[in-house]
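Letters are used for the chains, namely A, B, C and D, taken in the order the chains are written, and counting of residues starts over at 1 for each.
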Amino acid sequence: MFENIKDQFPIFKNKIKGKKLVYLDSANSSQKPQAVIDAVNNFYTNEFSNVGRGIYTLAVNASEKYETTRLNIKKFIGANSETEVVFTKNATESLNLVASCFGEKFINKDDEIILTELEHHANYVPWHFLRKKKGAVIKFLPIDHNGDLKIDELENLITSKTKIISVTHMSNVTGTINPLDQIISIAKKHNIPVCVDGTQGAAHLDVNFDQLGCDFYAFSGHKMYGPTGVGMLALKYKWLDEFGPFLGGGGMIDFVSKKDIAYARGVWKMEAGTMPTAEVVALNEAITFINNLGKQNIINHEHQLTQIALEKLKNNNAVKIVAHPKAQGGVFSFNIDEIHSHDVSTILDQEGVAVRGGHHCCQILHDVLSINSSVRVSFGVYNTSEDIEILCESIKKCQKIFKK
Amino acid sequence: MNTKDLYQDLILDHATNPKNKIKLNYYNKDTEGFNRLCGDSVHIFVHSKNNIIDDISFLGNGCAICIASTSVMTQALKGKSEKDAFTLINYFLDLMKKQNNDEHLKIDNVEYNALNAFKSIVNFPMRINCATLSWITAEATIRNKNKQINIEDYK
Amino acid sequence: MFENIKDQFPIFKNKIKGKKLVYLDSANSSQKPQAVIDAVNNFYTNEFSNVGRGIYTLAVNASEKYETTRLNIKKFIGANSETEVVFTKNATESLNLVASCFGEKFINKDDEIILTELEHHANYVPWHFLRKKKGAVIKFLPIDHNGDLKIDELENLITSKTKIISVTHMSNVTGTINPLDQIISIAKKHNIPVCVDGTQGAAHLDVNFDQLGCDFYAFSGHKMYGPTGVGMLALKYKWLDEFGPFLGGGGMIDFVSKKDIAYARGVWKMEAGTMPTAEVVALNEAITFINNLGKQNIINHEHQLTQIALEKLKNNNAVKIVAHPKAQGGVFSFNIDEIHSHDVSTILDQEGVAVRGGHHCCQILHDVLSINSSVRVSFGVYNTSEDIEILCESIKKCQKIFKK
Amino acid sequence: MNTKDLYQDLILDHATNPKNKIKLNYYNKDTEGFNRLCGDSVHIFVHSKNNIIDDISFLGNGCAICIASTSVMTQALKGKSEKDAFTLINYFLDLMKKQNNDEHLKIDNVEYNALNAFKSIVNFPMRINCATLSWITAEATIRNKNKQINIEDYK
């Protein structure tokens, strides 16, 4: 669908071990289009200044650009006027912010937090901290044999002690797209706030924060064709009032004296110290890039690639796809009989194919699936059906080596 | 855009010799306004009777723009009906948003010139809050709304 | 001393309001040399991958570069084999990490934390959190009329309840260089760990972590000619064992199950989620840049500029320097009689001179000095005596405008 | 550097048919070794008497490199004196650091070839831990040092 799009990504001009780069690790981090690279470059070359307090020209311009990205991120995720976007360093920090600030105020001993078996460690460890510190209880909504959440069981998990539900938009292992609508409407019935780990959603799925009605949506710039070093947390404004601060430092205070401190309000309360200025500024180009392609086109493109790949791999009996979710984004994982995922990854690399082996920060999910590790394939806008052919061929080479 | 456009004589006069910079002996409303970014702070005192602003004054600390704007504001609002005061406040705030809208405005030339002396601040975006702080604080005072105001909340 | 060095910083090719840029805000953030900009550019263009688990070529190279920076940072700050360097998002996060992890384990009700009146909010607010959460007590080592710490009073402040001392290497307002040797030797006598806020030290002062003998040294990449979005915390390795984790997520765990989590050891425990990969990689060039110039040359250069500036400004009776510390780095602050710092900053900007007005995140210091705000001048390697002349002329213009 | 250099027949043989992959009935030392990055894990069992490694075996889960290296290791160490075992372990670990140092090495050709089959791993830096995990774990087992080992601590 996106013809010649690889031309916009300079990395594809390079060879890997003399081969074309077939990059199938976008769920980990996406490659960067020239426009984003240029934006970083231009900011440092011509416009660099810290944002915030400066009144001189460079500082004013930098602050304006920084806030422009915030505005565009809001539009991008369909935020309404009661929604704010806080910049963090990555989705992990965004989720830690929610768990820490929410937990500090609203979680007491024996209170319950509902997660799912699909969660990335980033959406488990911060809640585990509350289990340790506060004596909270974590419950996991299970998945069925397809890798879909057993959504019918959610009602049963909820008790009067349930304080929050935190769930991923899309699994970074199985590609399962979770039925957020259903989850949020059940949660709302019980007045339970919902936090969504949108790290895999932001660049690959339809996101409408306002319509969804969730309370938090956490995501990362580097997985949406933007620079590393910047994450985001979209949240209903009221939580900024409810929450205490997260990190303390410059920029998040109103008054400081030796005796006491008054914190700033709004997003400022959560943005302590020098922010990833160049990163936020350049992120704006990533949003423009995605918007120009059109989210629906991206969804279609990646869906199509996934279908083609799954169809092709059916012909290879040794390849076992780990899950077959009903709604699936551009991610799937597999194992080859008798070959460990790390061996697969090493051998595929010799063919220029970049895939990752391991548990992909989802150890619980791998336990549930009774596998030790898996090889993950994840698509971005730059992938093509040719990439899939090379993948399938490389898998065969891999098998050949192991058959000697 | 030249610095002199911003620091006009009228502004510098008010900054160095602000009017009504004193705490009223009798007041029935007061609000403190604060600009976190600059550290500017103004405390507005109002004595109002039968919806007329009998008297208004301020104490405060801040840059030339902030002090001048506060001084001009107290002069402009003193003696006005609360309704006319709100119209004037809105006019000034609109001016700071580059939305020049002087229909329905019932002010004399002197007042008009005083307010419009601040017009070029729109070209210095980081300084706009310096000019609007006392106006926003005055509105809250007259409405008897908040005891404390943080200008960053008024975006 | 550094002839033609501005040529290495592309931003100086631009005009500000038709004037040459005179950048005197390096204490806030430094401009970036071409080599650093190119390194970011090159990494995204030719080599981008996330670090960590990847076994494919791009990931291996990225991980190697990431660790190379860590090694070079260690050398840069004179770390020995018992020292580690953790990457964070900025110095603020580094200081929050120390306060949070140290406080969690070692601070109880009525325990005492010693700071100084010179501290940036980044080295106060995180400790204030412990005051609120744990009922700790914060004591401030005062300064004298010169802006120097009253080091003689330190012994008196220390009690059996003193758990940690946290102090800045150099004040970002007065330029005061604190006698860390003395402070640390007093602290050691009492077995009290010392945290140093090295944010202003790293690029401008001599740093030898091993010799100093402090426990923590926090600093930021963007103030040492590096990219935004990356900070560092150097610390004695033993603290990594003592501390619990800070943020939770991918990469900082050993085992995860539904019931419990085992955390990784060493620096991994503290680096959760996708790190600022490109930023860390490019930071290496900033270190090389500084090393090539030579720290001692930088110190001399900036010292000289400060002396020239202070000498020149003596001739202007309306200019009041806020402090005259005995040992002073390339930073000082002043006020002009009857003119507010923000008006000064605005007017200087018209002359191309970038200085900051305000309290520079040091409200306590400004209270102690009985001033509301100040104008700060801070030097970097690219400043020249011509910059100082323009500054002095601009100050005069400022006075002329206010005299009408 | 070709994949076939890494996945040599000897390695694949040991990976698919590992030797001594069983839990000893009698052992007096054991250690679990773990590679966080890969998820590789090996549990080494040793029965040693009078400083001689009477018997050695393992259980574990991991990639071909890890399993093959463990299999080769158990074969090489079985029957050796503890002192000779340490020499051999050091030799192998040096090999993985590209420090080829076969002076003082008393091993036969078969063993030499088996160990050197892993030599090209140095060109696959992310896989070195896969090869060294069981050797480091074996050393700890023989020394009766740790019950659990995380290879990342051995850099």
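Heads up, the rule we're going with is that a residue touches a chain if its C-beta (ideal position, glycine included) is under 8 Å from a C-beta of that chain, and two chains touch if they have at least 3 such contacts.
From a predicted model like this one, the values you see are computed outputs, not experimental measurements.
Common neighbours of subunit A and subunit B, by the contact definition above: C.
When each chain is reduced to the average of its Cα atoms, B sits farthest from subunit A.
Centres computed as Cα averages put subunit A at a distance of 31 Å from subunit C. Centre to centre, using the average C-alpha position, subunit B and subunit C are separated by 38 Å. Chain geometry summary: the mean Cα position of subunit C and that of subunit D are 46 Å apart. Shown for subunit A are the residues in touch with two or more other chains, namely 53-55, 59, 253, 342, 346, 357-358. Each of the following residues of subunit D touches two or more other chains: 37, 124, 126-127.
Residues of subunit D touching subunit C in their complex: 34, 36-37, 124-127, 150, 152-153. Interface of subunit C with subunit D (complex): residues 52-55, 59-60, 63-64, 253-254, 264-266, 268.
For subunit B in complex with subunit C, the touching residues are 2-4, 6-7, 9, 12, 16, 37-40, 61-65, 124, 126-127, 130. If you check the complex, the residues on subunit A that touch subunit D are 338-343, 346-347, 350, 357-359, 372-373, 401-402, 404. Contact residues of subunit C toward subunit A in the complex are 10-11, 14, 16-17, 21, 25, 28-29, 31-32, 36-37, 40-41, 44-50, 53-59, 89-93, 95-96, 99, 120-122, 124-126, 128-129, 138, 140, 220, 222, 227-231, 245, 247-253, 255-258, 261, 272-279, 342, 345-346, 348-349, 353-358, 361, 363-364, 367.
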